Amino acid sequence: MKDLLGVIMLSGIYGLLSASFFVAMDAVDVAFTEASVGAGISTVLMLAAITMTGRTENPSRHKPLLALIVVLITGGLLIYGTFDMPHFGSAAAPVHTHVAPRYINDSMQEIGIPNIVTSVLASYRGFDTFGEVLVIFTAGIAVLALLSVVRSPDRMAKIDSLNDSMHGEYLILRIVAKMLIPFILLFALYVQFHGDFGPGGGFQAGVIFASAIYLYSMMFGMSTARRVINQTLVRLIAALGVLLYGSVGVVAMLNGGNFLDYSALSADPVAGQHLGIIVIELGVGLTVASVMIIIMFNFEGRRDNLQNKDNEEA
Amino acid sequence: MDNLLEILSAAFLLIGSFLCISGGIGILRFPDFYTRMHAVGVTETLATGMILLGLMLQMPDAMVIIKLLFILVLTLFISPTASHALAKAAIKNSLKPKLDSEDNKERI
Amino acid sequence: MLIAATLAIFVVMVMAITRGIMGPTLYDRILAVNMFGTKTVLLISLLGFVMGRPEFLDIAIVYALINFISVIAVLRHSDAAIFKNPPTPTDEIENKQ
Amino acid sequence: MFIGLYNYWIVVVLMMVGFYIVIAHGNLIKKIVGLSIFQTSVFIFYISLSKVDGGTAPILAEGIQQYSNPLPHVLILTAIVVGIATVAVGLALAVRIKEAYGSIEEEEIQKKDNIDC
């Protein structure tokens, strides 16, 4: 298929499909994340990218036969490798015998929250998650370094009259979006703080929050959104989320525990775990949401900048 | 009473499934974009409503019913809006509906 | 009955994918994605009931919301005239001149 | 005997589709799409490992004995969000390459590089 827009549509369907697969495989938290990421943000980002890079692909002049042979050989070897793997769904597979029984059996006493995924994510493997948050933060910085444009502030003045004048153009969409945005934001907060008991948590909430902001910026124009959402503040919040996560670890150390050992946060270990998990989930949510906002605003800002340049040249 | 609820829920689910399938056939078989959109739009709201109603009748738990109600209200808001935006975008982008003219009468 | 409905929705999803791949125009594809999204919402709520854990309806809510956002984003980024020019103040200045 | 292994074969097929797109297509955006298909196949691999027959989602509730393995879920959950962040960086690079070279086709970029040298 040469039309990249069609490719991206189909990859959006693929994201939806894989998320329903995750639900069928009991991985509800993963499905939640894939739902908000695979179907929403990744489609949106790729669309924003192809508006800047062009929609069509050149007819391929590579030698597809060679590529096909390489792919077939690799695939054959991988399938040969699967013959030694444990059968699908067998409870005796090595994955299920190492640490997982401890998580399933003991996490209720040790952490005290029903969602095992959250307790493993935030407490048992807290250090790992800290690394992931740092990776996301770094990706945000990288996009900022690659795409940020300096814009002159004086353009902001004329937005209000413009907004009034284009109310009639897509009125229905705007009204529905206006009703939905507060609901989405509220739902993101629910996901954020309900992550202990059901599927959800900081990663998912951050992505949903950013999607709501993106919807706002699509409906009311980038310049309005840029005025409503202070970009410097968003960058500060991204850093603040990482700092919050790290400082929980440091406080735990000061209280005599190990780094990110939440039991030391309070006299009662379970209460300490609760406190620690809520705070670091908040940190994760803040970082993810603001990094996603930074990424999207920079893509859009770059495009507006290119369009303005084109207009000036024309 | 329980029996009645069960039968009602089964009936709703059945109607919903039937509508879904008819919409699916519609999106495959109809000749142009606007007719396909009609098939999807009609079934999207009604079939969703039917299936969600059927599910609501199955579960006495209040929280679940509230969530289902949320989904129902959201889809009732979202689907028609998306269809409207899609149709508007298509017509502004000069995608003409296939009309009942002489030269394509045979194909329809 | 739940399983019958799940199967029906599965069949419809296959139909929507077929339309998405055949697509002739871009809008057919968007329509297929939209339909696929709502059917996924239904499929997930049904799966929750089939597996006996209906707490998972949160995922269905997220789907409904995200699907709307992605359809709007696609329309805005496609060549549609109403979305083509995002409202920037410079446009207005140019119009006045 | 081998019928219990079909989940791995699906993963391998998806992975190879992604791999083929990455090496056979010259367009950078398409390469990124291929990469994300590859990525999703790895996610599916992990998640299918964690499934236990008769198990249910790892959220503790009354009266359920068998849960699926939560550990792969945690790994993949973070991997998805990190994946989208890296895809964003890749797209940003593609945009900058388009600005610098005027094209995102691999061959044209290489041609321009050779002329410059």
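The letters A, B, C and D name the chains in turn, as written, and every chain counts its residues from 1.
Basically, a residue touches a chain if its C-beta (ideal position, glycine included) is under 8 Å from a C-beta of that chain, and two chains touch if they have at least 3 such contacts.
Computed from a predicted model, the values in this text were never measured in an experiment.
**Q** Count the C-beta contact pairs for C-D and for A-D, then tell me which is higher.
**A** Top pair by contacting C-beta pairs is A-D.
**Q** Based only on mean CA positions, could you tell me how far chain C sits from chain D in angstrom?
**A** Centre separation, chain C to chain D: 21 Å.
**Q** With chain centres defined as C-alpha means, what is the inter-centre distance between chain A and chain D in Å?
**A** Centres of chain A and chain D (C-alpha means) sit 15 Å apart.
**Q** Taking the mean of the CA coordinates per chain, how far is chain B from chain D in Å?
**A** 32
**Q** Using mean C-alpha positions as chain centres, tell me how far chain B is from chain C in Å, no decimals.
**A** 13
**Q** Which residues belonging to chain A are in contact with no fewer than two other chains?
**A** Each of 26, 28, 48, 50, 170, 173, 180, 198-199 in chain A touches at least two other chains.
**Q** Do you know which chain D residues sit against two or more other chains?
**A** 56-57, 59, 61
**Q** Provide the list of chain B residues touching at least two other chains, using ranges where the numbers run on.
**A** As it turns out, chain B has residues touching two or more other chains at 78, 81, 85, 88.
**Q** Give the pairs of chains that touch; include all such pairs.
**A** The complete list of chain pairs in contact reads A-B, A-C, A-D, B-C, C-D.
**Q** Enumerate the contact residues on chain A facing chain D in the complex.
**A** That would be residues 4, 7-8, 11, 14-15, 18, 21-22, 25-30, 33-34, 37-38, 41-42, 45-46, 48-50, 52-54, 57-58, 60-62, 64, 67-68, 70-72, 74-75, 78-79, 82-83, 85, 87-91, 93, 95-96, 99-100, 103-104, 107-108, 114-117, 120-121, 125, 128-129, 132, 135-136, 139-140, 142-143, 146-147, 197-199, 201, 203, 206-207, 288, 291, 295, 298-299, 302, 306 of chain A.
**Q** Which residues, counting only chain B, touch chain C once they are in their complex?
**A** Against chain C, chain B makes touches at 9-10, 13-14, 16-18, 20-21, 23-25, 27-28, 33, 36-37, 40, 44, 47-48, 51-52, 54-55, 58-59, 61, 64, 67-68, 70-71, 74-75, 78-79, 81-83, 85-86, 88-90, 92-93, 95.
**Q** Per the contact definition, I'd like the list of chain B residues that touch chain A in the complex.
**A** Touching chain A: residues 77-78, 81, 84-85, 88 of chain B.
**Q** If we count contacts the way the header does, which residues on chain D are in touch with chain C in the complex?
**A** Where chain D meets chain C, its residues are 56-57, 59, 61.
**Q** Write out the stretch or stretches of chain C touching chain A in their complex.
**A** My answer: residues 13, 16-17, 20-21, 23, 26, 29-30, 32-33, 36-37, 40, 43-44, 47-48, 51, 55-56, 58-59, 61-63, 65-70, 72-74, 76-78, 82-83, 86-94.
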